[in-house]
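Consider the two complexes below, in which chain A is the common component and chain B and chain C are the respective partners.
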Partner chain A sequence: MTPDAVGPHGRWGVAAALMVLTAPIIVLYGWLLLASFSVTITGLVPHGLTLANWRFLWQTLPNEANAWVAAGNSLTFAVTVAVLEVLVGAMAAYALSRLTFPGRGLFLGSTIVLHSFPSVTLLIAIFLILRALGLYDRLAGVILVKLALDLPLGIWIMKGFFDAVPWDVEMAALVDGYSRIRVWWKVMLPLIRPGLFAFAIFAFLSGWNEFLLPYVLLPSQDSQTLSVLMASLSGEERFADYGLVTALSVFYILPAVAVFALTQRYLLRIFSGGVKG
Partner chain B sequence: MGALEAAPAARRRGAVRNVLRGAASPVFFLGPAVLLIAALFLAPAVVTVAISLTNLSVATGLTHYRWIGIGNYGLIAHSPWLVLVLRNTVLYVVATLVLFNVGFALVLAILTAHLSDRAAGVFRVLWMLPRITPSVILAMMWRWFAAEPPYGTVSQVLGLVGIPGHNWMNAHPWAFVVALNGFVGASFGMIIFSSAIAGIPRDQYLAAQVDGASAWQQVWRITLPRLRWPILFVTAYQTLSLLTSFEYILLTTNGGPGFYTTEVWSLYAFHLALSNYFGNTQFGLGAALAAVLVVLGLGASLVYLRVFRFGELVAAPRIEVN
Partner chain C sequence: MDVVLEHVGKQFGRVTAVEDVSLTVGEGELVALLGPSGCGKSTTLFLVAGLYRPTSGRILFGGRVANDATPQERGVGMVFQSYALYPHLTVFENIAFPLRVRRTRGTEIAERVRRVADLVGIAELLPRRPGQLSGGQQQRVALCRALVKEPAVLLLDEPLSNLDARLREATRAEIRRLQRELGITTLFVSHDQAEALSVADRVGVMHGGRLIAVMTPADLYEHPPSRFIAEFIGTPPMNFLEARVEDGRLAVTGVAPRPLAHPIPPGTYVLGVRPEHLELAADGDLRAEVFLVEQMGREWLVHAACGDASLRLLTGAGAAVTVGSRVSLRLVWRRAHLFESQSGAAVPFGLADAPR
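After this line comes the complex of A and B, so read on.
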């Protein structure tokens, strides 16, 4: 559809309709921002402005992890997950798109079956296995679990990217005597870089927001992520300091929003190869 | 090209090397992914099914459990809450899917397509906000949004036009749960539909405009038919996601208010397996519920895969060069 499909009046009408539909979101986040600077708030009306809610920025809260340390842990977790997921996923996706080998259909089919397992109900079993591997309560363990749970969908999406690359490109390189590995690294990956970039952003955001896995599998305070610190602060409903919780929420959401807003123009590409048109 | 100039002997050596590489490459490329998925996804799934055949609970501990065969499945089949929880699950999945994940997503994608890239980008970022907001925070925001006067925003706004305020989450728990999940879910379809719409050739719209088609006719005759596959994909994928996701319900109504009003299957499994009111967490029964959910999900997937022509999706590569 094109911007000129409706006239200039129509375009204002469209924008107005979208504003109405989007109003709940604007109100929700407006409230969050206001509440983080207010002593108390009723509806959208703040009472008493304050910066005290933001004290976690310059001091460690009693009996809690330091917010900056927790943010660092979240960052490490999210970046590692994104990089490894793209690397491992792109390798597997290439093989599934371009090579024939026994068990290929089985692998593709079984990843879909696994997707229908609610990951939360797997937690008990994952806990037992991580403990047996000596990876329980280690950041590396949670990263590996997150990778394993997210890889099946990632592989399917990245297989779509490879499927969209014409054969001739790869043929030329193979005839020139390139190995499959070199073709993958030198020829194919550069060609699908926009898609991989978009996928990495989504993987990063998913890692940044992950709550349940670090909450259950990473109980030590010094390796706590922001999501776990959040839950710990808002846990005891009646005693929660809502000013503090809303300020920490803004602190937590801002990096994700910034990353998304800066990259959103490129993110649409992630699906251009993965879905039948 | 180098190969054309190479001497026959060198070419033969190259061919031998290529055969060796050909055998090694699937192992190299798939090894890491297969290892990870096998150890930390497939194995836990198998262990979960095994646990469902035991009476494992906090009371039995990890050492004193017994194998009880399909006893847990018998309990589920005869549970007096089975019908209620199933009904809730279907209501939750169908309502969220139809109204928001597909319906609202389509409206958003079609409307934003009429705007300039910059304006459309602003709305896309706004709609992605719920998705990139951690569930703990989003649930808290919605609880306050729907809270009773004087705290709730909905009550405050409706109060301006004289509608009496109350706690909207408790008064209309299903509308609340569907709206909360729907505002998160709509962005997935919105992005997929938007990129599909962007792929429709402009000429088709221009030709329609020359023929005097209205904006509505263009949507109905050109856009929607081209979105058939994306709509099917979103429906299939989100059905599974909704069946297994309960985080927002857990963090807001927690299955209430009252008795199991909004208790869906996956939440029921979570309550029995990981957190119940009586302190005796029943891992075995929870695992059995999870296994049943997988069967439900598989049933849905099989139907969708038939529609999707799975055979085409996994079709072997057309040319094989080793």
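After this line comes the complex of A and C, so read on.
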């Protein structure tokens, strides 16, 4: 249905309905932002203006990790996960889409089955393995685990991108004298770039938002991520400082919102096959 | 360079796509591979290209076995049915693509791309992207990309089938002109018999993964070696009438028996007559009732029922035929073909009163 088909009145009606539906979310985030600059909050009404809630920006909170260090850890974690997931995933997806090799069907089936397990059930095993490898409490270890858990779905999505590229284009490049790996790099990757880009953003956001794995596998303050710091602050029942928690929440949300705002027009491509015409 | 296929076969798992194909494409010759879809003609082309590896037989380029050689080592240029241009690159970069892999100097690349683009007449399209081109233009870009390497062998996989009819005729003449001009050995795959006949020096007909005939276009039309080929070649298609040979006479359904000039084993046969070899005549061999007249400009295609058989004949425009009228038709016996009804093999024959 085109916008014109609805008519001007219908369009306003739809817009109004959507506004009502999304209002709670807007109100929540608006309140969060206001509260982070307020002295006290009674119910939903904040009072007084202050920057004290944002003191984590220029000082390390007692008994907590430094917010900037945690943000740096989160960023390193999310970026590394996104880059590696795209790189490794694109290779695996290409192989699964284009090459025939023994065990291909089994591999395809098992990736989805593995993905359907809740990752919580694996925590103990992961903990023991990481400790044995000397990767416990190290960012590299959590990155490895996150990759292992998220790659199967990523490979499936990217396999879809490759499947949508016609065989002829690849054959043409082979006839033109390119090796398989160079065809992958010079022809296939550029063709599915929009899809890969969208996928990388999702992987970044998923890494940025990840809580469970860093919480369990990165216990020391130096390696904490923002999500864990957040939980640590809001979990202190006796003297939870809600102003501080709201400010840190805003600090934590901002990068994700910025990434979304800058890239949202690419994100839809992940659902449209990822191949540009 | 000449290309020789010796008993080449290709299997995909348990499916046999191509079986025992032997073919020689001479230096500078254009051979068309013709057949219905799924007959193995594209697979054969891919085998020659080096995209597939044969499971049996040998492929020789210039006398040297090339079974395991890559497409690049074979020096082939190829045009795909879908053109397979790289959508993310400009026309210039598309054509330059095969040169980039060889570390050719930038100035030389520019010069060679320019030269081949001039040859094919698309110089003004170089800065564009494939998405901005018409089908005919894309086809020419694909041809340029195949030619820029100055390949020893040019392979064309249904290069015209995505073009509209008029453009197709112009382009096939263009391809023929270029091929002659460059003297390039060419293998051309087509499912369109008119296209194959018009463009090729020789035509190889494929059926069920086998190469069943390799002949000049004229021979293929005039002397089809089997009923399958007779049926496949020629538009409108050949008419077929049931026939029997008994007591040295040929009895065609609806026609009075005629004595044979030379003995043929008795049995059931099929008589093939092209639409242009059925003529309206006052005292013809057959009587039929017209049920459809297609006016095709220069000539008319008349459909007439003779018993259970439906016959097609070509007449000049303005012939005295109307739907529902009864007509008398004369067979041009000298141009008719006889096929064994079981094997479909052509059987030479002559009538005692109408020598060939």
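We adopt the following convention: the second predicted complex is superposed on the first by the 271 of 277 C-alpha atoms of A that agree within 3 Å, B and C clash if a C-alpha of one lies under 4 Å from a C-alpha of the other, contacts with A are read in each partner's own complex, and residues count from 1 in each chain.
The criterion applied here is as follows: a contact is a pair of C-beta atoms (placed from the backbone, for glycine too) under 8 Å apart; a residue touches a chain by one contact, two chains touch by 3 or more.
Computed from a prediction, not measured in an experiment: that's the story for all the values here.
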Practice item. Considering only the touch criterion stated at the top, classify A:Leu28 as touching first (chain B), second (chain C), both, or neither. Key: first
Practice item. Mind working out whether A:Ala16 is in touch with chain B, chain C, both or neither, as first, second, both or neither? Key: neither
Review point. Given the touch rule stated above, what does A:Ala172 touch, chain B (first), chain C (second), both, or neither?
Key: both
Point to revise | Touching partner for A:His115 - first (chain B), second (chain C), both, neither | key: first
Review point. Looking at the overlay, does A:Ile253 come into contact with chain B only (first), chain C only (second), both, or neither?
Key: first
**Study point:** chain B versus chain C as contact partner of A:Leu191, first or second or both or neither
**Key:** second
Revision key, fill the gap. Per residue count on chain A, the busier partner among chain B and chain C is B
Check your understanding: Regarding the shared-chain residue A:Val39, is it in contact with chain B (first), chain C (second), both, or neither?
Key -> neither
Review point. Between chain B (first) and chain C (second), which, if any, makes contact with A:Leu51: first, second, both or neither?
Key: neither
Check your understanding: Hey, what residues of chain A end up touching chain B and chain C alike?
Key -> 171-172, 174-177, 276-277
Exercise for review: Within their complex, state which residues of chain A touch chain B.
Suggested key: 1-3, 5-6, 10-11, 14-15, 17-18, 21-22, 24-29, 31-32, 35, 41-45, 88-89, 91-92, 94-101, 104-105, 107-126, 128-130, 133, 144-145, 147-149, 151-152, 155, 167, 170-172, 174-177, 179-181, 184, 205, 208-209, 211-212, 226-227, 230-231, 234, 245, 249, 252-253, 256-257, 260-261, 264-265, 267-269, 271-272, 275-277
Check your understanding: Across the complex, what residues on chain B touch chain A?
Key -> 1-3, 6, 14, 18, 21-22, 25-26, 28-30, 32-34, 36-37, 39-45, 47-48, 51, 104, 107-108, 110-117, 119, 121, 123-130, 132-137, 140-142, 144-145, 150-153, 155-157, 179, 183, 191-192, 194-200, 202, 205-206, 209, 215, 218-219, 223, 226, 229-230, 233, 240, 243-247, 266, 269-270, 273-274, 283, 286-287, 289-290, 293-294, 297-298, 300-301, 305, 310, 313-314, 316-321
Revision key, fill the gap. As the complex stands, chain A meets chain C at residues 166, 168-169, 171-178, 182, 187, 190-191, 193, 276-277
Study note, to complete from the structure: Listed in rising order, chain C residues that touch chain A in their complex are 46, 49-51, 70-72, 76-78, 80-88, 97-98, 101-102, 131, 145, 149
